[in-house]
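Both of the next two complexes hold chain A, though its partner changes from chain B to chain C.
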Partner chain A sequence: MSVGETSLYQRFGTIQQRRVLTVAGLAIGLVAMLALDLWAGPAGLGFGDIVTGLFWPDQLDLRPRIILWDVRLPDALIALAVGAALGLAGIETQTILDNPLASPFTLGVSSAAVLGASLAIVVVPVVPLVGETAVLPVMAMVFALGSGALILMIVRWANGARETVVLFGIALVFLCNALTAGLQYLASAEAIAQIVFWTIGNLTRAGWIEVGLVSACFVCVLPFSLRHVWVMTLLRGGEAHARSMGINVGRLRMWVILRVSVLAAFAVCFVGAIGFIGLVGPHIARLLLGEDHRMLVPGSALCGALILSCASFLSKALIPGVIIPVGILTAVVGVPVFLGLLSGRRHRA
Partner chain B sequence: MTVFGATGITAKYGQVTVLDQVDLPTLNDNEVLGLLGPNASGKSTLMRCLSGEKSTTGHITIDGRTRADMGHDGWHHRLASMPQSPPNPSALLPTELMWSTARALDLDVSDRELADQIEGIFARLGLSEFALSPLHTLSGGKRQLVGLALALMRDPDVLLLDEPTSALDLHWRMVVLDLVRERLSDRGGVVVAALHDLDLAARYCDQIVLLHGGKIIASGGPQHVLTPANLARVYRVETRVTLDCDGRPLVQVIRPLRDGEAA
Partner chain C sequence: MTVVLKSLSVLFFLIVAMTTARAETIEVTDLAGRKVSIELPVTRLVISEGRYIPLLALLRPDDPVAGIVGMMTPLSWTHPGLETQLYERFPRAADIPLFGGRNEDSISVEKIIDLAPELAIFGLNDHGPGAKNAELIDQLTAAGTKIVFIDFRADPLHNTLPSVKLLGQLLGAEKRAAEYSAFYQQRFDLIKQRVATAKTRPTVFLQAHPGRYECCWGMADGMLGPFVGIAGGLNIADAVAPGPTAQHTAEFLLVENPDVWIGTASGIYEEFIAGAEPVALGPGMTRETASESLTRYLSAPEFAALDAVRNGRAHSIWHNFYNSPFNIVALEAFAKWIHPDLFADLDPVDTLTEIYEKWLPFELNGVYSATVDHQK
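After this line comes the complex of A and B, so read on.
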């Protein structure tokens, strides 16, 4: 190795440039994936129709226009928004808890959302006043945020000790799962089927309002994540070193878990538990980009969006005429990519 | 000129008192204080109290001013500590760790200056060829040196080192402690180091404090502290102490003492 010929400034700069290009590559890939996702579907729209419909909607016939704007676009965009939100929430959870197995789901957010949704499915039809379609996401959201609030109380109580937080989160997962199972035991066969379908995760329920809400939440949280990129990078060197520098890790942990819970709650309440992305999106980004959170935070959001978009495309394209629930495909798409990257890393090491 | 003082340090974990009214000798410019004591004697807790990471009822001052007087940032501008554990073996690059630390702490340097500064510190610690290697590919010793580099980055007047040589081999132990001494004669300041190795302490420290059960057993120059009686009491070993040609004590451990046996 030739050390000393070029300065550290130059060599470090080269690494940074390569990473910026990788992030740009991911962004371009995402646009391409979005185009594919919009194109795929049973109605047989061509690429030309899609482009015309996107930029000059008046020139398209009514039927394809409705398909594009009321069905395909909301589905495709909710995939991006949810994927990006879960990717961002995942990377922040993994770093702040210093745990590669952590994701928003380790904190119980998703299980709580499932519990809330199940409660809506089982109980709401009994109450005549309210409509089920609106209540379901609201209940999922309330429960997910509730679990986030519980976790925050634990973080406060434990003074930010990360093992306690992880253990409590897992306990919460088991509790919510047990309560959901209890509900299923009481529920009708039809309600159980609905709960199972919701749990699998599905993008086709979303409309423009949902797209707007999840995107708005992501856009609101992102600046806070970007403000903390340096200290989060430093944290990858270990909590002891961050503390010795005078950084209040306990308080940081509280803020991060707060925003991650809100983000994950918004992401899962409209589409169901698409758990895998919050775990593997960050890992794929890490393998591609290293540990610098300036790259990793946008990279992880992009990877999450890319995986979910790809899963959404495949859910329509795999079996013509059938839309497979996207939750089934996220892992089926994500695992091979992840394993490929992992083995590539092994060869290099 | 830097004067560092710490008196009346009391620290508790819950109801358990770990440090009880510890008074360190006042450290003047260019002085190195060694903290010695067996495991669980309170060395690491004392280090964390001194850095301000753990709250204490005592009075800790740099040039007569406390942390409250100087403010959080002002304090950490003059004092840096190196924790006992080396940086985690993650995929983070040592340069990234240094860089993000500088930026997280809002150090006022340009990118170019920062890179040169990091390069300089790495060169002195023999880390140049590892500057861009992920931490998980580095040995424990190298990672410990990265930890030291991190503490040196702010160029602190008060440097706290918790077992800085525990993962290092003989060569690097001496390189690190030589560097710490050299740095003091170049720029002044004081160093407090918790150490395990008695001979290294005798060789590099101006003053030594011997801790046992959260209390100071002896404090002063190495030849006054490192006596067979003190070492028997604190470490429960029989020792023979001779003086080397520079008048520094050399400790030879003969055997462990049995329960209830006096030296």
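After this line comes the complex of A and C, so read on.
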């Protein structure tokens, strides 16, 4: 871009405008992707049928109505909710730990969820007040939140030192993986298969309640993230810099890790460990939008939702009639986009 | 003590000398296509999965566990109810050492060698060591153990009777093996004959582990999948699945709207009582509870809208038939469900009862197939 006679202020205005447009573009893309995801499926419902069915469900026959409302919609919407939650959790983790490789999974949240789910599958415990079918997500969530609580204790104990947090998170990942492997060693073949499927991550297991819970969690956490966009942007300039500006980084780290753990726990406990989104969603957003968290927070959530929605579409469309678990496809979708953006930036530079 | 040991070892050598005196070496080809020559009679053997015990009981009803010096998994893994009967009637079975956990990797070769079996019976494709495990095969062969592979799982359609015959040869029970094969073959042929006259091929979805696995894992050309074709049905999963099994959306089911839905139930009575989701069959279940378990699972809206469920053509079959010489019962059930008009006189329950009465030293306990209660 030529500098010319334009002032710095004007240039900033242009860049800012372009970023707002990019976020708007992502949002439009997301709506389009959702429509595509809702349209895909072996039933061959046309867009017209879908629109009719969405607004006047009674006008559809029994089977198309069930297909739209009980099969397609919950799957498509949970993709958005989980993708957005993981995107948001990812960007906040990366910033707060100042580590481009960090994601909610570096904190052990997802490994702990897998451990909880495996326990539920292998031991089949009876949990008071929890219905039989809810035991698995509840156990996954309890374990994920438990790992979050452990991390928080470490943050306090280490006075918010980020290396300690990352190292402890990784140690937790290994511990949870080892315990899960130990459970698999004891489990029946059917249970092992169940654990493997759960670990891959799949959207089809979610219904309306799950969609509601994950969305509600995202909506509750988002305002807190938005309130912190300024200090988080400042933190991108370096921890010492932020401290010198009077920010209590240790305290900030506590709050962010708390909300990220809750968000990631809700996201993974219903659909399984869909790992990649929380890592690459934020990076794609950053390549598109720069470091300003005012744009990056909504942008990262949108990117996460967009990738997962795209993966959800492909999981149904690649082999009609058969489902390819979405966890297999997230990286397949995300990596080319990521690499494309990276090489694009190299050319511009 | 030493005196006892000495006399025992003398006795042992005497027995060995006697048996070798009338030993006979035969060469067999196992289900992995390996040629194995082995000295008969076999007095010490190990098996991979406890679920082969019913097969051994079929061949040697007087003592199903005779000569078994070790196994990988106990029978309770797949058939706890039958294990109770086994222990009651043949208490020695409870003392058989185990040499592994629940998969190939958990096997202690050292333990097998220590048990000094003359013969190891493994499955071509079960949870134990497979025919591709060259290391284990070499180690055991070097230790003097012959290995044969049988199969009721990878290709039950073609391997069931050869496996029965092979074990009959090795265990000196050729007559019983031949009798059972004739019994099986006669029933199999009857189904093929009548299906050949069928004018239609109703569509079928065969769902694995309903309630245990999330919706909807279909058996395409794997496990019991091919039985659907033999029974005169059109397996809708087979047309789209890239592998032997695949996961389908509920939408696929609703669109294809199969004439018949069959779930392979792996739930057990205890799970049913606890209100667990897996569709249950087997010991402890009655006709009513089995149907209730299935009906409960199929009450979800995506199933309730299927014609198969509304017309009472949704059924459950005991999952463990998929790896069993008694899979003929599953085939008969499929045939009767897919072509009720052709097989009105056929009752798979009678066949299973006959198998237990005629061939096994155990009592039939529980229900092994069920039909949805579509009036509910």
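Everything below uses one rule, namely that the second predicted complex is superposed on the first by the 334 of 349 C-alpha atoms of A that agree within 3 Å, B and C clash if a C-alpha of one lies under 4 Å from a C-alpha of the other, contacts with A are read in each partner's own complex, and residues count from 1 in each chain.
Criterion: a residue touches a chain if its C-beta (ideal position, glycine included) is under 8 Å from a C-beta of that chain, and two chains touch if they have at least 3 such contacts.
The structure presented is a predicted model; accordingly, all values stated were derived computationally and were not measured.
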Inquiry  = Contact-wise, after the overlay, does A:G237 reach chain B, chain C, both or neither (first, second, both, neither)?
reply    = first
Is A:G246 touching the first partner chain B, the second partner chain C, both, or neither of them? first
(request) With the two complexes superposed on chain A, say which partner A:A189 touches: chain B (first), chain C (second), both, or neither. (result) second
- Would you sort A:G41 into first (chain B), second (chain C), both or neither based on which partner it touches? second
(request) Check the residue A:G281 against both partner chains and state whether it touches chain B (first), chain C (second), both, or neither. (result) neither
Open item on the list: One more residue to check, A:S7. First (chain B), second (chain C), both or neither?
Closed with: first
Request  = Would you check which partner chain A:P298 touches, where first means chain B only, second means chain C only, and both and neither mean what they say?
outcome  = neither
In the complex, the residues of chain B that touch chain A are 51-53, 72-73, 75-76, 80-88, 90-93, 95-97, 99-101, 103-105, 111-112, 115-116, 118-119, 122, 128-129, 131-132, 134-135, 137, 147, 150-151
Counting only contacts in the complex, chain C reaches chain A at residues 77, 101-103, 106, 127, 209, 212-215, 239-242, 246-252, 254-257, 266, 271, 274-277, 301-302, 305
The residues of chain A that touch chain B in their complex are 1, 3-4, 7-9, 11-12, 15, 98, 229-231, 233-234, 236-238, 240-241, 243-247, 286, 290-293, 349
Touching chain C in the complex, chain A uses residues 41-44, 62-63, 66-67, 70-72, 124, 126, 132-133, 185-190, 192-194, 197, 202, 204-205, 316, 319-323, 325
